[in-house]
Structures are given as structure tokens and as C-alpha cells.
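Next up: some structures, all given as C-alpha cells.
Two complexes, one shared chain (chain A), two partners (chain B, chain C).
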Partner chain A sequence: MGTARYIARRLIFSACLILGVSVILFAMINAIGNPIEILLAERPGMTDEVIESVSRYYGLDGSVTDRYFTWLWAILRFDFGTSIIYNQPVSEMLVTYGLETLKIQIPAILIALVVSVLISVMAATRQYSRLDFGVIAGAMLGHSLPGFFIGILLILVFSYWLGILPSYGAYSTRNMLMNSTLIDGLWHMVLPVGMLVFFNTATLTLLMRSSLVEVLRQDFITAARASGLPERRVVFGHALRNAFIPVLTYLGILFGVMLGTAPVTETVFTWPGLGALYIMAIQQLDYPLIMGETMIITFMLVGATLLTDIAYVAIDPRIRLA
Partner chain B sequence: MDTPIVPEAVAEASIAVPLRPPGLWRQGWYRFRRNRGGMLGLGLVALVVLVALLCPFVAPFAPNDQSAMLRGAARKAPDWVHLLGTDRNGYDVLTRVLYGASTALAVGLGAMAVASVIGVIIGGIAGYAGGLTDELLMRFAEFFMVIPVFVVILAVVRLFGIVVVGTWLESIPNLNLMTIIVLLGCFEWPPIARMARAEFLRLKHAEFVEAAICIGTKKRDILLRHILPNALPSLIVLVALGIGGAILAETMVSFLGFGDPKAVSWGQQLHFNYEALKVAPWAVLSPGAAIFVTVLGFNLLADGLTDAFNPRLRR
Partner chain C sequence: MTGMLAFLRFLLGTRRHMALLGLAVIAVFLAAALLAPLLYSWPSATLVNLGHALARPSLAFPLGADEMGRDMIARLVWGARMSLIVAGASVGVALLLGLLIGGLCGYYDNRASFITMRAMDAIISFPRILVAIMLITILGPGATSLTLAIAISSVPVFARLFRGPILSLKSRDFVLASRSLGAGDMRLLFRHVMPNISALIIVQGSISLAEAVLIASGLSFLSLGPQPPVPEWGAMIAQSRAHLLSTPHVVLVPGIALFVLVLALNLVGDGLRDFADPKSGHAGPRVAS
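Moving on to the complex of A and B:
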């Protein structure tokens, strides 16, 4: 029962967060200028009649508060309006492009998690050894390498110099690899996923190692060892579970960073996802698409935070009391 | 009352030794000096600062010198004239990389200055006042923590660039860069506010603060002269981390082509040369390496500062 109440409370809080962000975003964009005027700035030569009908069509007429509530009511029904440049419902586009983005980000964070657990177990169980220092140094270097620069390096090495992996796009335009859409798609995913894995692994390893080192010093680990458990079970069964708790918060943050910087990742790899779509939207001043994208990314961020909060309860029973 | 028994030698020694123990900062420096990673970070940061200050004297060419284009020497591989080669616009890569340092530092320091002011004011008020004020301000900070900052900055920079056309704002030099700096500052304050709140909350009940209240010190002096200086070490770690983050963010904004066309920045170099990656990789690798060194420097520095000022966290 405690768990259900906890989750319910987090859900309500998440809804409030989304509401708050929607107010801040809307206020900010509208503080810069009236959207219809911004729209027209780079599309000169329209008559007043056209302007009026366009602003009515895209729901850009009326006072700011009116527009906010109309917009809020619409997004609650997952209706983000019609894209100006693509003339398609924004919600459909968000789903199509969003899936492409998640297709590289979710595998990346899962692979990074497994890899960083293995590396940090190796390092933490041999604290202050050469391997340990090597891991710390490597993770620190990797953590400071800008993600998109890793991507550029990967393209340079694997696409241009070695010529073994595709440098752009999600699919081949002409001949699919082995005539299979699936294999061709996976083939194109290697570099973007590789870049995100590299970036996430470095950060996660830094955190996981220091957390693990601290847990391994605690009394219950000594007790577990003293009771005759094999070291493997002590580390993977007892220590890792406890070391994982601080890392969990960071998983949500990392996902947010990945999602937030998707425009950069997807520009480097010309990946047809939310980020690339967003760049297009702000270049062409597609107001409904800009608002829709920022909101959907906020939804996903809040969703990820909510998931980590719920996962907390599953891993750490102490949270229930709070 | 018992008179404490003090051996004469000890009593004498305590008179001979100056009674003032090393201060917070000096202690921190003692610990920082022993941290190799931190010192390396300090060295890298010093190098970047030095380059930023000296670039007009050490750079082999003028930053806007495109004359290589006329000689048909654009996209030329590194040689003795152009140590890091030239890019597709005929710029000398080394010169642009050196000049980029000052832009990067301006962004990092500027953004974190804005963020620190907002963060310390909001966090300080929340921590010191407590109660409902605290609750409201911290909830407000939480909204800012879930906003997809980078995405929003891109949109605001682009839209703002349209609105200013034809207004007095246009006459501000490097307006675009200023916008990015202020925006980064306006979004990066929540972590600082949280830390400031925690520190103000802790120090509010410290004995020396209570003593200051007892002797009737003015509230302003308590906040600015007693609490704030003691909260600074923890805040400085976040600022150092934030500088690296802000530099990275500006680089990404510029890489996507929304940067300041008038500023010489590493991100812009990447933006203009990324398409020619296959032909002239040196024009991309050098600014990329410069970003890496700078961000690494600030990350290591922040790491060393954490160890120096929060020794309990030391692992």
C-alpha cells in the first residue's frame, strides 16, 4: 500500500512538473515576440487577409492566456496541431521520429549500463591497482570528450579511413545490406549507438566505481564474506545492488542529456530522428512543431525521472518509509 | 573548577606557535596541491587562459585572414607555414583555434557568473528563510531542472535573432553570443541554488553565526560576510564543473549553425568544416581537441576541488 501511495504521489508531482514547464516554455517563446509575427518575418509579402486566416488556422490569434489554455487543452489530448512546413499532424510526426531517436538511445543506455558494471566491478575489486587507475583515467578522459566529437572521430575512422560502416542515415537508399531491412538498419545503428555507448559508459563507470568502492568497505560486506559466500556472490549479489542506488538517479539524467542533445547527435550522423526534425523546425520557424517537440521531450524526460523513482522503490526498500 | 594540568613544555609551545590555524582556503590549497589530477586540471585551465590572453601575440595570422583562399591554398594539409593546415574557408586553423580560447572562456565564465548570481540569491533566500519560501523556491528550481535546456536555447537563440532585426539591440556587439551566455546562465542555476540552499541551511545554525546574531550584527552582514564566504568552497566546485558544461553547450549550439557568426569559436569551426571532414580532417580535429582539453581541464579542476574542500567525500 505504501508503494502505491508513493507512486501515486510521484505521478501527481510529474504532472505538476509538466504543467509548470509548459507555462515557462509558452511564456518564454511568447515573450520573445508574437509567434505569427516571427513566422512572417522570413515569409514576406502576405496580405492581411492571408495573415488572419493563417493565424486562425494555426491557433495563433487571440490573447496570450487564451492561446495558452487552448494549446494546453489540445496537448492534453495529444494534439499538437499541424506542422507548417510538412502540413502533417505534429503528433504523428513526433511518434515516427521519436521511435527513430529511441531506437538508438535505449540500446545505447542498456549496453552502456552492462559495460560500465563490468568495468567498475573489475576496477573496484582491485582498488588502487594499476587497472583501477587506468579505468579512472580512461573514464575521466572519455567523460570530457564531447559526445559529438566522439561521433566525428568514429565516422572519420570507421567510415572514411576503414570504409566499413555507413556514416549517415538510418537505412541505405539503394542496396540494402544482405537485402534485409533489419540487418541494414542494424548496420546503420552501429556508429550512432557506439558513440552514445562510449559517452554514457565513461560517465556511468566514474559513478559506479566510486559507489562500489564505498559499498565494498561497509560492514555488511565483511559479514557476507565472513559467512563464507563466494566473492562473486558478495560482489554481484550484495555490493552491486547497493552500489546501484546512486547510479540510478544518474541514469535518468543521462537519458535526459542524450535526449536533449539529440539535435547534435542526429546532425553528426544525419539520423532521421526528433533532433534532426527539431533543427528543421527551428530553421524553418515551424511554430507548432517547435512547441510540440519541446513538450514531447519534456514528457520523455519527466517520464524517465518517474521510472527511476519507481525503480528506486524496487531496489531500495528503505525509500518506502520516506 | 579544575585547573587543567598543562605540562610546561606544551604551554610554552602553544605560546610560541602562532595561534591562528590555517584558514579554509589555505587548508583546501594544501589538500589540492597533493591531488595530481586536480593540479593537471589547473595546469590545463591555466594554459587555456594564457592562450586566450596571448592569442593576438602568438597567433601566426589574423583571425579573419582568408588570403589562403586567393592563393588556392584552402583545405591545405598542415605544413610549416600553416602548422595545423588551412580550412575550407581559407582560414589558418591554428590561428582560429588560439582565438577560440577567449570566446570559450568568455562563454564559460559569463554563463556561470549569471548562474551563480541567480543561484546564490534564490538558494540563499530559500535556505535562510526556510518554511514556505523555501518550499516554493525549490519547487520553482525543479521546473528548471526538467526543461530540455539545450533544445530550448536553440529555439530562443533563433527566434530572438529574428525579433531583434531593426531594433536598437542589433547594435550590441556579439549580441548572439551574449544571448547564448545569458540563456545558459538562466538555465544552469538550479544546481547552484540547491547547493547554496543546503549550505545556508547548515551555516544558519552554526555557532559563529549565532554568535554574530547575538552581538547584533546586521542581517546583510551575516549573510554576506559570515555565511556566504563559508559556503563558497562548495559552490566553487559546481562553478568549475559548470564552466566546462557551458563551453560544451556553446560549442554544440555553434556546431549546429546557430552560433555567433562574428565570433571566432571552436563550435563554428566544426560547423563550417564538418562537411569537408573527409577532405580536410585537420580543420575538424584541431578545434575538437581544443574543446576536449578545455573541458577536461575544468572537469579535473572541479574533481580536485571536491577532494580539497569536502575531504569527507574522499574516496
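Moving on to the complex of A and C:
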């Protein structure tokens, strides 16, 4: 199958997926109940006129299918309605909070990637050595520590005992560090990024190491060595490139990991990001926010999976089917 | 039982001390969870008694008391019961549903199974914790919906994992022989195909337990699990966080318990995998997503 056709098929599948999620989400949110009733329970004594105008304001009048298509048409124009709790446009909130999430997640993933590649190369080239077992044991320990507990331990040590790093928020509300918004912001990033690096490195190292060990056993590595290439080029040039293929699958998931670790990380550090916002929206039953954010998450995940599938074809010419 | 003995003999024979240690730790937690009602009464774990609030570890309270004056060790033991029940039940439900879907989709290789497996692929592309969060949004927080959410979020993983072996087993000679003797589809699937992947089922189930405990505690930490005053380790950590600086034990005790249990489950899962397939090597990748 040609690459173009393969990509076209993936695109169609992605579109179907997004559409499917939107239908399920809308049906489920409708199954829970009418948000107006919850509003009514909180503020009894609203007149029918008020209820009607509120319904119209939030687009809750009309039949379910009508509302679904109105909503679908709106989200295609990046209009997610107005948050009930914050009374702000959801689309603006998603951008502001989304940037805060990316601000800690992207550096954390990049650092974790570099660290885990280095560690796994050291471990895999000395398989079954003391260092290798140390790395496996360390990754296993890190893998068993709940993320939120790592975060709380970091706060205990660096914020409470040593008192050098802030324990919550993305910025100081007053007394910026060194009177600079930039330095103050970076200073606040250290602990959340640290927690994520710890968490991601543990997972990535296990994956990279076993993948590398497998590749280093193969014939073409022996051939490369036999042809007189220095070990450094064998490992970094030949082995690592092939070891990356399973990791690349993981990178697609890694984007999911970014979104998956966001709720806990941001709750631990009271970080104003998408994860904490999602939990807040769920606890307060802020429907426009819940639906908007779920759709954005779906968009991003499907996009990331699509990119991974395309990158696959680029990195490994053997994968042409599927 | 004989399987358990063979596993023990394997661990002793290959000197896997860490897995043995893990097994011992799990036995202790399991005993505590089973005997919780005999060891500490439910009120001692849930009733507020502000007179003892934040008591430091002493003879009366071996692990101290939390901010509501509740005995930490009683809450820890009842929390072990909660964690193990939620993790065990969710993995059990997920295995059953995963086997059913994976089995049917592997056995009947038609359009319906193709669509079902594509749907499974779609769910897998979402992080498990997000799927669970979405499900809890709909089911409402609580121990039962926590269990269901974790179970459903891992069904696609199991379904995909079990489908492959079932697909290849169904065209093996012994299955064809049984079919030619007149055995029906269901008999073939459940009597001949399924028993042949029992090792895979046991290994995957045990490996998933550690992850289930982690996800359950994470969701409870986000207050999406059992609601107060029910003791759950993740929820205990979230509720006592404000007292981290003055009395760290209220946070450290449940945190360390969680860590030790998950580590033990991981170690035993690893041992079990090597036991089932000695060629699989050491500590392969286990992607938590």
C-alpha cells in the first residue's frame, strides 16, 4: 500500500474516532441529567421565565439531536460555550490552562527522554552487570512509587524542610523572586517538572533498556562490529535508531501520559493547568467545561497517534502495511 | 495450590529473593485486609475524636492519629482491605470482560469483531486514568464506580492481548480434531482454546494488580474514589496533606504502605512472568497508560 493511501486511511479513521467520541460524550452527559435541575437545586425559587432564558443562554432548549448538531457545529468553530462556574468562554480557558500544562509537561518529557536514553545505553551495553541490575532495581522502585506521593515528598523536602522551592502555583502572587516574572515562573516549575521527570524516567528507562538489549543481540549489530566500526557508532548509530521504534510507539502514548499525569501533578502542586481544571470541572459538574476539555483531549490524542503512525513509516521503511 | 507450590519452588530454586520477599509482604497485607474487622473495629477507623487529633505515634496509637483523631493503624488496615478489594475486583472484572471480548473477536474473525477491535484500539489511545476519570464522572464517585472504572479502562488492553493467541490457537490441530468430532463453537472456545492461555491470564492479571492499586489510589487522591470517612490510602494522603509540615506521619504512613504494596506486587508479577516464560528475560517493559 502506498504511503499516501496509508495516511489517508489513518486520517479517515481519526475523523471517525473524534466523531464517535463526540456522540458518546454527548449521550453520556445527557444521560446524567439536566444541568438546569442542578442549578435549580442550588437556587430554589427561580421562575419559569428565568429557567427558560437560562436554558437558552446555555443552549439547553431543543431536542437532543438538535442540541448535538448545534454543539458539534460550535466546537468545529472552536466555540465550547461558557463555563458555568467561571462564567468565561471555555475556549479561552482551555488555551490559558493548556499552555500552563504544556509548560511543565514538555520540559519534563524532554529531560526524561535524554536521561533515560543515557541510563539505558549505559545499562544495556553492560547487560547483567552490577550497574545494569542497579538501573533495573531503580526503575522498578520508581515505577512503584505513586506519582502524587513523589510530589508530596518533594514538597516536604524542598519546600518545607529546606524552604528553597515554592510548593504550589505557577507564579507568586506578590514578591516575585528577584523581581522577575520569568525567574519566578521558572522557580515554580522546578518541583512539578521534577516529579514528572522522576515518574517518566522510571517508565521510559525500563522500556528503552529492554528494547536496546534486544537490538544489541541481533546479527546486524554483530556485522557492524565485525566491519570495524567503533563501539560508540554501533550503539548510537545503529542500535539506538532501532531501539527507538518501540519507544516511538510509546511516544504516541507519551502524549497520552502527559495528559494522564496532568490531573494528579497539577492537583499536588495546585498548578493552574488542564488536569486540575478537569478535576475541578468534574467535581463542580461544569458541563461546558467537561465537554470542551474532553473534546480537546480527544483532538490532541488522536492527533498525536496520527503523527506517531506517520513517523513510524518515516523511521522504519519495513512498516508499510497495517 | 500445586501451581502456587511450583511457583514457590521456582522462586527458591532460582534464588529470587526479592520476589519471595514480595510474596511475604503481600501475605501480610492480605492477612491484615482479611482480618481487618477482627483487628480494629470499623468505628475506630472512621469515628472522629478530636481529642486525639494528630497524636504522635505512641503505645495507644502505634502509628499516631490523623487530623480527625482516628487511629492511623486502624485506617491503614481498613485501607489495605479497600485497596486490595478494589484492585482484585477490578482486575477480575477486566479479565472476564477482556477474555470474553478478546475470545469472541479472536474466534469469530469477521466484520463485527474487526469493528470491536478498532473500538478497543481507540480506547487504548486514551490514558487509562483519563478513561477512568470520565467513567467516574458519569457513575459518580465511590468504591463501586472506582472498581468499575478501573476495570473498564483496562478491558481493551486485555482484549487485545488475549485475541492474538486465541486467533492462532483456533486453527491448531487439536481444535480442528475436536471440531470434526462435532464440538460446537462455545465448547471449542471454552474447553479447548481458553485453557491454553491460562498462564498468560494469570501472569497478566498479577501484573495488572500493581497498576490497579496505583490508579485506584491516584483517583482516590483526586477525591474520585470512596468518600470520607471511608479509609483509602490515596484519599488519606489527600485529606491529611495540610498537616504535612507539622506531623508528617499522617501523610508518610499511608504513602509508604502504598509504595510497599505496589512494589511487592510488581516483584511478584515479575517473578511470575519469569516462572511462566523463563526466556522472557529480566524486567521487560511494562507501559503504564
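Criterion: the second predicted complex is superposed on the first by the 306 of 322 C-alpha atoms of A that agree within 3 Å, B and C clash if a C-alpha of one lies under 4 Å from a C-alpha of the other, contacts with A are read in each partner's own complex, and residues count from 1 in each chain.
Going forward, a contact is a pair of C-beta atoms (placed from the backbone, for glycine too) under 8 Å apart; a residue touches a chain by one contact, two chains touch by 3 or more.
Keep in mind that this is a model prediction, so the values were computed, not measured.
When the two complexes are overlaid on chain A, chain B and chain C occupy overlapping space and clash. Once the two complexes are overlaid on the shared chain, A:51 sits clear of chain B and of chain C alike.
In the superposed model, A:203 lies in contact with chain C only, and not with chain B.
Look at A:139: by the touch rule set out above, it reaches chain C but stays clear of chain B.
By the touch criterion defined above, A:293 lies against chain B but remains apart from chain C after alignment on the C-alpha atoms of chain A.
With both structures placed on the common chain, the touch criterion links A:213 to chain B and to chain C.
In the superposed pair of complexes, A:305 makes contact with chain B and with chain C alike. Looking at the shared chain after the overlay, A:42 reaches chain B, while chain C stays out of its contact range.
In the overlay built on the shared chain, the residue A:245 is in contact with neither chain B nor chain C. With chain A as the common frame, the single stretch of chain B that clashes into chain C is 217-225; none of the other options in 1-9, 163-171 or 217-225 do. The residues of chain A shared by its contacts with chain B and with chain C are 17, 20-21, 28, 32, 140-141, 143-146, 148-149, 152-153, 155-156, 160, 210, 213, 256, 259-260, 263-264, 267, 278-279, 282-283, 290, 294, 297-298, 301-302, 305. Across the interface of their complex, chain A is touched by residues 118, 122, 125-130, 133-134, 136-138, 210, 214, 217-218, 221-224, 234, 237-238, 241, 244-245, 248, 251, 255, 258-259, 262-263, 266-267, 270, 281-289 of chain C. Those residues of chain B lying in contact with chain A across their complex are 37, 142-144, 146-152, 154-156, 158-160, 162-163, 165, 244, 248, 251-252, 255-256, 258, 270, 274, 277-278, 281, 284-285, 288, 291-292, 295-296, 299-300, 303, 315. Chain A meets chain C in the complex at residues 13, 17, 20-21, 28, 31-32, 136, 139-141, 143-149, 152-153, 155-156, 160, 203, 206-207, 209-211, 213, 246, 250, 252-253, 256-257, 259-260, 263-264, 267, 278-279, 282-283, 290, 294, 297-298, 301-302, 305. Of all residues in chain A, those touching chain B in their complex are 17, 20-21, 24-25, 28-29, 32-33, 38, 41-42, 140-141, 143-146, 148-149, 152-153, 155-156, 160, 210, 213-214, 256, 259-261, 263-264, 267-268, 278-279, 282-283, 285, 290, 293-294, 297-298, 301-302, 305.
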